[in-house]
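Here chain A shows up in two complexes: once beside chain B, once beside chain C.
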Partner chain A sequence: MLRGFRSFHPLVLLLYYIAVIAGLMLNQHPIFLTAAFLSIIFVNLILDKGIELNKWKYMIIFLDLFVFVFTPVFNQQGNIVLFELFSRAFYLEAVIQGAMIALTLSGILALFTTFNIVMTPDKFLYLFSKFFPKWALILMLALRFMPLFRKRLADIQDVQEMKGVSMKDGKLRDKAQNGMLFLQILLTYSLEEAMQTADSMSARGYGLQKRSQYKAYRWKSRDWSMLILLFFLSLSTLIGWQSNKTILTLTPELESILLQGYSWFYLLGWFLLISLPIWTEGKEVIKWNFYQREI
Partner chain B sequence: MANEKGITVIGVAIFFLLLIFFPKFIIQHYLLISILFIIAILLPSIIRFSRKNMTSREMVMLAVLAAIAGVSRIPFAPLPSVQPTTFVIIASAIALGPQSGLVIGASAALISNMVLGQGPWTPWQMVCWGMAGFIAGLLAKTFFMKRMTWRLIYGFIIGFIFGWVMNMWILFSGFGDLTLETFILLNTQSFYFDLAHALSNVFFLFLFSTIWIKILNRFKEKYGMFQENRKE
Partner chain C sequence: MELLSTRNLNFTYPNSSEQALTDINFTVHEGDFVVICGPSGSGKSTLIRLMKQELNLHGTRSGEIYYQETPLEEHNPITLAKDIGMVFQDPENQIVMSNVMDELLFGMENLGFSTNEMRKKTAEIVHYFGFNHLLQQDTSELSGGEKQQINLASVLLLDPKILILDEPTAQLDPIAAKDFMYLLKQLNDELGITIIIVEHRLNELFSLANQIVMLEQGRIKFSQNPRKALSLLAENMTTYLPEASQLYLTFTSSPEISDIPSNVKEAKHWLNGLDITSNQTQQEEQVKPEKPLLELKEIDFSYSKHTKPVLNNLSLTVQDSEWLAILGGNGTGKSTLLKIIAGLLTAQHGKIRYKGKKVKQMNRKFIGYLPQNPKLYFLHETLKDEYDALAEKHGKSETEVQTLVKEFQLEALIDRHPYDLSGGELQRAALVGILIGNPQILLLDEPTKGMDPAFKEEFASIIQTVKHTGVTIIMVTHDVEFAAKHVTRCSMLFQGEVIVTEDTNAFFKDNDYYTTMINRITKDSHVPAVVTVEEAKMSWQMKKVLPSSV
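And then the complex of A and B:
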């Protein structure tokens, strides 16, 4: 059984991700973005000890460096010149801008690693089938075909290798041509087979009446409370953005980076919004420790 | 059906009003707006597709082609930046028409990312491959797709456009000023990958497109699928 953050209804989870991604793009302020990035990393750690994030770390670092280095080169708006290189001025504002973009990008990428942990394909398809039932059915079929075709491709490769057709040696041209030949065999083979699948679908009554659905995820009362919490937290973020409290003004004049007054309130709301998984998962961790102590 | 048309007209009107009256918002938030555009491109076709009456054979055929397009990367994994996914989508779109091309392209992107991991690039891939299929399907009956030379040119152009659009999600995340300069810089970074993609499209289309289209057309006829004049 699923517990913690993963056990919420897929729709609630999807809304959480939409809210956080929108927030990451709207709250263009170094402190807000840093808080977001750190809490997303913490979410990663609490969900799967950072295994998934580890796979993506090089891409995140590379993109960050790329953006951070090149933004000041091209962004020529600002008042405070840091230094000059090859008769191009480097502005402090542009450097801050670069850092903010890098933080936004890495925040979004790190968030997507948690998305891949939380929104498993079955939840994803469940949401799809709500909105586009026919397309979701095609996706389900295709998703089942993927491992099957992989196996078939391996078989085809083995058989063809006995005939001397392989992708292991030869020129690039020959390799590519042979690879495509394998795919062509896979195509005719699988299409013939698939017609059987289709006929058995028809034989079981597909298309005769409206399709009924198995409800894998039921809406529980805690989904309501989570939804209401999500609504108010994203509303506070939206209001903060609308009143310019969560944005660092770069031009015409650089604002002080330090937060003042109401900005702290919005920062709290933003932090609470991102760290919803931390509270729900953290509750489970505390429970676990508590029960262990009881024993 | 009048009701549906009304909703479509209102939707289009809202979309254009947003573009006209909130230019400042658009200038500040490329990514948000670009996602809106992606939805605006994909949604009408998907809705039309959902309303179409399809036999189980047609559905399964679309699923098989989407899965082959997704799987086709695997045998080519040792060859750097050679991937026949685009070719599979173009060939099946020429045989099966624009709507099927779009569905195959978008589904191939979605399911291959379900296996490899979703990211912010998923919607971009969906729209790229979906549109590559859609346009190929639209032009299928014209000399563009019937003559080999034009088919190859199409494959070459698609290879580059695909790379450029895929670069855009980085650009739209707010990469400094959105100028031609930054756009070109990003695209020079990926030039060799795009060139490899374009050339492999040309290579596959040249050697295999005729026979693949023939195979698909034969299946279509043999099992009576995707016949245009069928009663809806």
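And then the complex of A and C:
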């Protein structure tokens, strides 16, 4: 995808996620949270038709139910008693609290599924290497060694199994012992081989001077506009939270759930913030349909 | 212009009494294509490693190495890292990054290139090599040939003036190796990059190189142009020559230097002037009694439900005490077939008969397996410990082990750590371990990869001794010349199926591409078709020399 939400600079994308997660935790109000959850589902749909979210749906539903049912059981604060069960009061405030926690959790989880789609490992690594270049290099070397180790261990297992030394059958003690032996060869062997890797690194001038970094992602003018937009929308959320307009007061007295006055304004700001991917992706979808019609 | 030269170079490794290199004097000019050859342990790798200062070889050195007429030490290390590029033998171990793009960038990042420079240079090289489709892939998913090309490209991105390569094709299959060589030729011709390459396989290199350096026991035996080198090798190191030259030398009593053919075209030309008949009027029909040891019938195998089957309706019969070679390109299922025979994998469909009895899976006890990398075979600190453990497992007495060790000439090495052995010793050591288990079938997985010609012969004779003890040998290989010389039958694997199994001679005589150089020379010519020099020696009779057609 060369346009759309995913094409923004990884730093902008990261800031978006930080802002939305912070907002989800700050705006503890059923309407704000419901709006957030619904928009995030829509973001999922527009990014990959909900394929990634689908993998997580049972997890999300289960977690929601769990929180929604158990919060009122343990939370004994409130004024309005809904009903009593096994000589335990169930308060309306606690039920609302449970719903809000469940919505926050599912919002964050659903957001993370989009994070997987948008922040691909290379973007993540790019950001990481910007702040910790040395660690990022080590991380990349480690990533390279994973498949190598796996392949070598499989080779060792095959060869040794032909010799009758196996990790699969026999007594547990023998299996464990053989497994340790295999790991031992894997390490000795890999150390030997790593000498060659080291040679190849120094042959290409590793360690002679400070490394430069290939910037795979260019900062474009629309990254600036997006950044400014993000800034103002986050600011509005922050102010709303500061002035208590985006929070439902539960104690000492339950406030009306309905929104009043400025809260509507903050809700709009909040909704615009979350749905940034919808506008940017949606624009592409519309454009695409338009071009197709032209043809 | 003189680019790189050594003057009176000597080198000794620490704790070693012998000099690894003695009195090395040679010069490389700009645009040269230099091949360094010699038997294993002759100091080839040491020599080229000394030319690459960053590798920092431990030991004592005397004499100088000059780059552009200034000693190496006086150059700026960054200039040296850029100007002298190096590609190593193992395609896998040289790769540092998990992603092709990062791997290409690695060297440039080390030397502080700017993003724009990197972008431009990668774009150029990707275009030149034509590997757009590889750019986003993980390096672990590439084939050996592709890996080696990425390694080469990553070095070329630094704009080297000299490219040093340490047996870059030893681990590749013949086709990938040929491609790689021609790529080097292209770099040499089109970009004028000076190339220094260490190689065993001289076949193609004779027509590519303009200087051949022969090392022996740390000394330069000669340093000559290919034509001259051909004649010097002809005197006493014929195993290093292309088969075409070997054939010529076998049938010419007083060879002319300028006539020695080094490729198929030249050899055909030489044969044109000869009249040869076959002296074997009747082929000795050796009808051996059919005694199938192992029969595979209609074997299907795939690694998972949704992937394409690797083996598909495969049938193969292995005769008792034969040496069978399984040939075929990359990805045709050779290793998988070997694993099924070894009993490591179970086929999803098909029948296996062993000694006439139907079995579901092969019993691993009857089978010895020599892996491509014999290092993986050893679990213990010394050979002796390893053999003791194996002897105990298989109920063998110490004297039986002793005889095996003696037979394979390993007495002196018995207390060494396996990793301190040379490649050949390691292979022999692993074979002893396998033979302690009394296998009836011995499986060899690409055993000749990276071997020098002299050692290949030695290895073949070792396997022959094993075979004479009644062990059946099944070998997977790419090495056409080796198979043609030594094995009894050959099978060709194609798209997961054995398409033909024939006696070695018949097999190679039928083939056009997948065959030996000698067969390509003699096929469809006026002389009797043969597959190896040995066969020609036995069956050809030189009648008289026709008046030369030239």
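Going forward, the second predicted complex is superposed on the first by the 247 of 295 C-alpha atoms of A that agree within 3 Å, B and C clash if a C-alpha of one lies under 4 Å from a C-alpha of the other, contacts with A are read in each partner's own complex, and residues count from 1 in each chain.
By our rule, contacts are C-beta pairs under 8 Å (C-beta built on N, C-alpha and C of every residue); 3 or more make two chains touch, one makes a residue touch a chain.
As the structure is a prediction and not an experimental result, all values here were calculated from the model.
**Student:** For A:Val165, using the defined touch cut-off, is the partner it touches chain B, chain C, both, or neither? Pick first, second, both or neither.
**Tutor:** second
**Student:** Which partner chains sit in contact with A:Asp199 here, chain B, chain C, both or neither? Use first/second/both/neither.
**Tutor:** So A:Asp199 meets both chain B and chain C here.
**Student:** Return first, second, both or neither, reflecting whether A:Thr188 touches chain B, chain C, both chains, or no partner chain.
**Tutor:** Both partners, chain B and chain C.
**Student:** By the touch definition at the top of the document, which applies to A:Leu273: first (chain B), second (chain C), both, or neither?
**Tutor:** In the superposition, A:Leu273 contacts neither chain B nor chain C.
**Student:** Who does A:Ile138 touch here: chain B (first), chain C (second), both, or neither?
**Tutor:** first
**Student:** Under the stated touch criterion, name the partner, chain B or chain C, that contacts more residues in chain A.
**Tutor:** B
**Student:** Classify the contacts of A:Arg211 with the two partner chains as first (chain B alone), second (chain C alone), both, or neither.
**Tutor:** A:Arg211: touches chain C, not chain B.
**Student:** Let me test your reading of the model: by the given contact rule, A:Ile108 touches which partner, first (chain B), second (chain C), both or neither?
**Tutor:** In the superposed model, A:Ile108 contacts chain B only, not chain C.
**Student:** Which partner chains sit in contact with A:Gln77 here, chain B, chain C, both or neither? Use first/second/both/neither.
**Tutor:** first
**Student:** First (chain B), second (chain C), both or neither: which does A:Met226 touch?
**Tutor:** Neither partner.
**Student:** Once the complexes are superposed, what residues of chain A are shared between the chain B interface and the chain C interface?
**Tutor:** In the superposed arrangement, which is not itself an observed complex, chain A uses residues 141, 143, 146, 184, 188, 194, 197, 199, 201-202, 206-207 for both chain B and chain C.
**Student:** How about chain B: which of its residues touch chain A in the complex?
**Tutor:** 29, 31-32, 46, 49-50, 54-57, 59-64, 66-68, 70-72, 74-76, 78-79, 82, 84, 88, 103, 107-108, 110-111, 114-115, 117-120, 170, 173-177, 179, 181-182, 185, 189, 200, 203-204, 207-208, 211-212, 215, 219, 223
**Student:** Under the stated contact criterion, what part of chain A meets chain B in this complex?
**Tutor:** 22, 25-26, 28, 52, 55-56, 63, 66-67, 70-71, 74-77, 94, 97-98, 100-101, 104-105, 108-109, 112-113, 115-116, 119, 121, 124, 132-135, 137-139, 141-143, 145-146, 149-150, 153, 157, 167, 172-173, 175-177, 179-180, 182-184, 186-188, 190-191, 194-195, 197-199, 201-202, 206-207
**Student:** Taking the touch rule as given, give the residues of chain A at its contact with chain C in the complex, in rising order.
**Tutor:** 122, 140-141, 143-144, 146-148, 151-152, 155-156, 158-165, 181, 184-185, 188-189, 192-194, 196-197, 199-215
**Student:** Per the contact definition, I'd like the list of chain C residues that touch chain A in the complex.
**Tutor:** 52, 54-56, 77-78, 81-82, 85-86, 88, 90, 92-99, 102, 105-115, 118-119, 138-140, 151, 154-155, 158, 339, 342, 344, 364-365, 367-369, 371, 373, 375-379, 390, 393, 419, 433, 437
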